[in-house]
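Here the structure is laid out as structure tokens; the discussion comes afterwards.
Chain IDs A, B and C follow the sequence of writing; residue 1 opens each chain.
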Amino acid sequence: MSDIVEIEQPQDAGHEMRDEIRQISDKFRARRQLRSRLMVILCGVALGVTAIPLGLLLYQLFRRGLPVILHASFFTQLPATPTLIAPNATGGVSNAIIGSLVLTAYAAVMAIPIGVLVGVYLAESSSKLAAALRVISQTMAGAPSILMGLFAFSFILQDLHVGFSAIAGSFALAVLMLPVIVIASEIAVRGVPNTLREAGLALGAKPHKVSLKIVLPAAVTGIVTGIILAISRAIGETAPVLLVIGGGYINSWKPLDPVSALPLSIYENAKSEWPSLRTEVWGIALVLVVFVFVLSLSARIWASRKQQAR
Amino acid sequence: MDQEFMSKMETKVDAPATLEATATKPERGAAAMQLKDVSVSFHGRTAVRDCTFDITKNRVTSLIGPSGSGKTTLLRALNRLHDLTPGAKVGGTIMLEGTDIYRGDITVTELRTRVGMVFQRPNPFPTMSIYENAISGLRFNGIKKKSILDEAAESSLKSAALWDSVQSRLKVAASNLSGGEQQRLCIARALAMDPEVLLMDEPTSALDPIATLKIEELMTTLKERVTVIIVTHNMQQAARISDDCAFLLMGEDRAGELIEFDTTEKIFNNPIDSRTLDYTLGRFG
Amino acid sequence: MSNLPLLLESELEVRDQGVSEFNSGTPARSWYHYLLILACIIFAAVSVGFVGTILWNSLPTWEHHAGTLLGHTGWQAPNGPFGGLAMIVGTLETSIIALVVAVAIGLGTSISIVFLIPRRFRTVVATLVELLAAVPSIVYGLWGLLVLAPWMLNTVNPWLNSWPFAKEIFGNTGQEFGTSLLLASIVLAVMILPTFVAISREVISVVPQDLIEASLSLGATRWQVIREVVLPTAKVGLFGATFLALARATGETIAVALVAGGVANVQFHLLYPGTSIAAWIATEFGEAGHNEIGALMALGTLLMLINFSLALVSRWLVSRQRKVLAVV
């Protein structure tokens, strides 16, 4: 018996409220769990509701737009005006396609170099100028696009006395794209690990060479993602170009010529009295949406490739 | 350490050290929780297995062992936190006062009111005051009566040795407290529900030595109120504060397993398994 | 980062700069440095010019006709008076209704994405929401005009008008078209939904797992964790998301131009046509003479003011949110 060591049995104190607490919580438990289940279902419903517009939209786009774009003439012909005799003679939208490409190309040329450089600066400098530019770029990125149109109208059309033209539209789009590229570039350059920079400097390279030859190449993926996003946005915007490009009916590359654009031609024809034109706009919209989707998805895939490469 | 106890241990030194230590096996009190062949796996990969031991009521049981030995994984199985993790499977049986916590007649929310938890980093709810934090558990469970809430707040904050320091500023945001105080608030928060068991996952590892000491001092009074199961990677802490010890170690298959479970005395002074001895002597971390 | 609205909210914490030409001690200036500065100057000039030009063009209107622009209805081309009240009211109506709808649905959506959907589906759903954001405004407008408007006209409006209190809210219409303030609000809601979801998702998902586990360990149900711990902790950031969505709603031009009906009357009956500031500028500018252009520019400055202040408030809120979590 003396071999058995007894463990001191300590007291068990302070449970006066336990029964009352347990009683009340047992009473409520089922109700709480039911409520939880209901709210969870409600949230799921919200998710479903979010998906509905996209589904409906895509459905209509394909249903109405696919027949339109299946004719090569859609892409190659200039628009024609339907008449009472030939109500279906809508022609094609080659002018809009060329116009969009031209506008985007010129805008990219203007926006990309400046945007990337500013982004690099913002990532590498902690000066007050950098802080100010950062706020500016974020604010501009969210600015209503119609304002870019107003800006281009006032500056290019009025002050510079240039008429409705591709360059005016490109200018507006460049102002639109700039902040996006700046922000994306800054994020990309900041994402380059400091160790890379330090390694370069340790090898004796001058800071600006490190920036140019080591940091920038490492940030390329992020920068390209930003450019793709900026382009994707620019192609779809109507408001900036609406006021200044003139809606030209010819295929032209010249900066001073008026041009059309895909969103603009949708806008012009959506309210048309001719059903054939109203059908045609679905084809244009489909082309636009497919293009934008492809760009967005590429940006996403590109960005995740960068993650994997790490 | 009990003097009487120590002297009894000394007289046992001459007795043959055999595995049939049943002659000296202490009478244990009632079991708060019982583990039998408990294992936890994630997507098929076993993280911890073969855990069989009983947690005695109103004692501090520590889970010790080097990192990776599955102590925290085992602990989190005791309040079914692994339910949150997709792909997690808990095998074996875990009983709380006679009820199987996974398959028995108890909902997971009810289980968690009876088995509370304190985490490694102090985590009071940032948008709530000290008072609100302390009674948050009661509120979640539908208790609204002010008299109960006030009494529970006072009682739990006293048990956590925090009442004196905060009673004049109960409505102040919890984030105003120091790290050690925040952790004691978290202890109070868990205690307010008056659980039978309190799980503590390395509660002092993020705290400074003084705060750590305060919480360790708390343990002796805490165990009068709850059964404490504490995971600690600090051996000395385990030796200081716990009554019983479970030693876990990662096996060759990279799964943790229970090597030995016994009173802290035994584990640190006269363990049965040589691996336990190696660990307590600091031969590996 | 492939998320435009998220670009607006900053991942740009001022990180330890450390190593760069600009922060090194040596004042050595290279051609590269000058090139960067030049780019910054150009960017700054363009931005300042952006604001300044529109402001400059609108000065005459502000000087002489501010009261009319802000307080009167009735827009008479070509020489005025140019009353902008209808546009202002229209902007407020459509944006606020759109916001309420978008936040209600968007919050549920974000919660679903972060907490309820299994991890493997998360990318798909997130991509879905991004695609919603990528659809150009004109396409939403087209869909609204050619698909939703007839549907509203034939199905929804009659149904809404059959409600007992219909006249006060909706107005009994003998409408020819289905375009209305209500339709514009709905289309706007769809358009700003992704913005709200993107930011609220981000804000909700960074609530520490710790807090979630702690509340579960106290016996809280899933919904209680969300409603009483996660949402309050993320509250400030959620307001930030709301303000940004509102900013976007006020700036939407083309979709509203196509589906709101384009009528410049102060209108509280939702099934009647109306307009917004941005939509009005877009529709009127083409034919506008010099005086009208000035007035439209003035509307533009108003739009800029509204949009910029909402965006700034949003940004401030989101950065405040970060501080809430830093204390934990």
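We take it that a residue touches a chain if its C-beta (ideal position, glycine included) is under 8 Å from a C-beta of that chain, and two chains touch if they have at least 3 such contacts.
In this text the structure is predicted, and so the values were computed from the model without any measurement.
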Farthest chain (mean CA position) relative to chain A: B
Interface with the most contact pairs, given as the two chains involved: A-C
Centroid spacing, where centroids are CA-atom means, of chain B and chain C in whole angstrom: 50
Chain A and chain C, separation of their C-alpha mean positions in angstrom: 14
Multi-chain contact residues (two or more partners), chain C: 219, 221, 224
Of all residues in chain B, the ones touching two or more other chains: 109-110, 113, 141, 193
Touching two or more other chains - residues of chain A: 25, 32-33
Chain C - residues contacting chain B, complex: 118-119, 208, 210-211, 213-221, 224, 228-229, 232-233, 235, 324-325, 327-328
Interface residues, chain B side, partner chain A - complex: 2, 5, 8, 23-29, 56-59, 107, 109-110, 113, 138, 141-143, 145, 148, 151-152, 155, 159, 193-194, 223-225, 243, 263
Complex contacts: residues of chain B adjacent to chain C: 79, 81, 84, 86, 109-110, 112-113, 116-117, 119, 121, 123, 125-127, 136-137, 139-141, 175, 186, 189-190, 193
Chain C residues touching chain A - in the complex, by the definition given at the top: 1-2, 4, 7-8, 10-12, 14-24, 26, 28, 30-33, 35-40, 42-44, 46-47, 49-50, 53-54, 56-57, 104-109, 111-113, 116-117, 125, 127-132, 134-143, 145-147, 190, 193, 197, 219, 221-224, 226-227, 244, 247-248, 250-254, 258, 278, 281-282, 285-286, 296-297, 300, 303-304, 307-308, 311-312, 315
Complex contact set, residues of chain A against chain B: 3-15, 17-18, 20-22, 24-29, 31-33
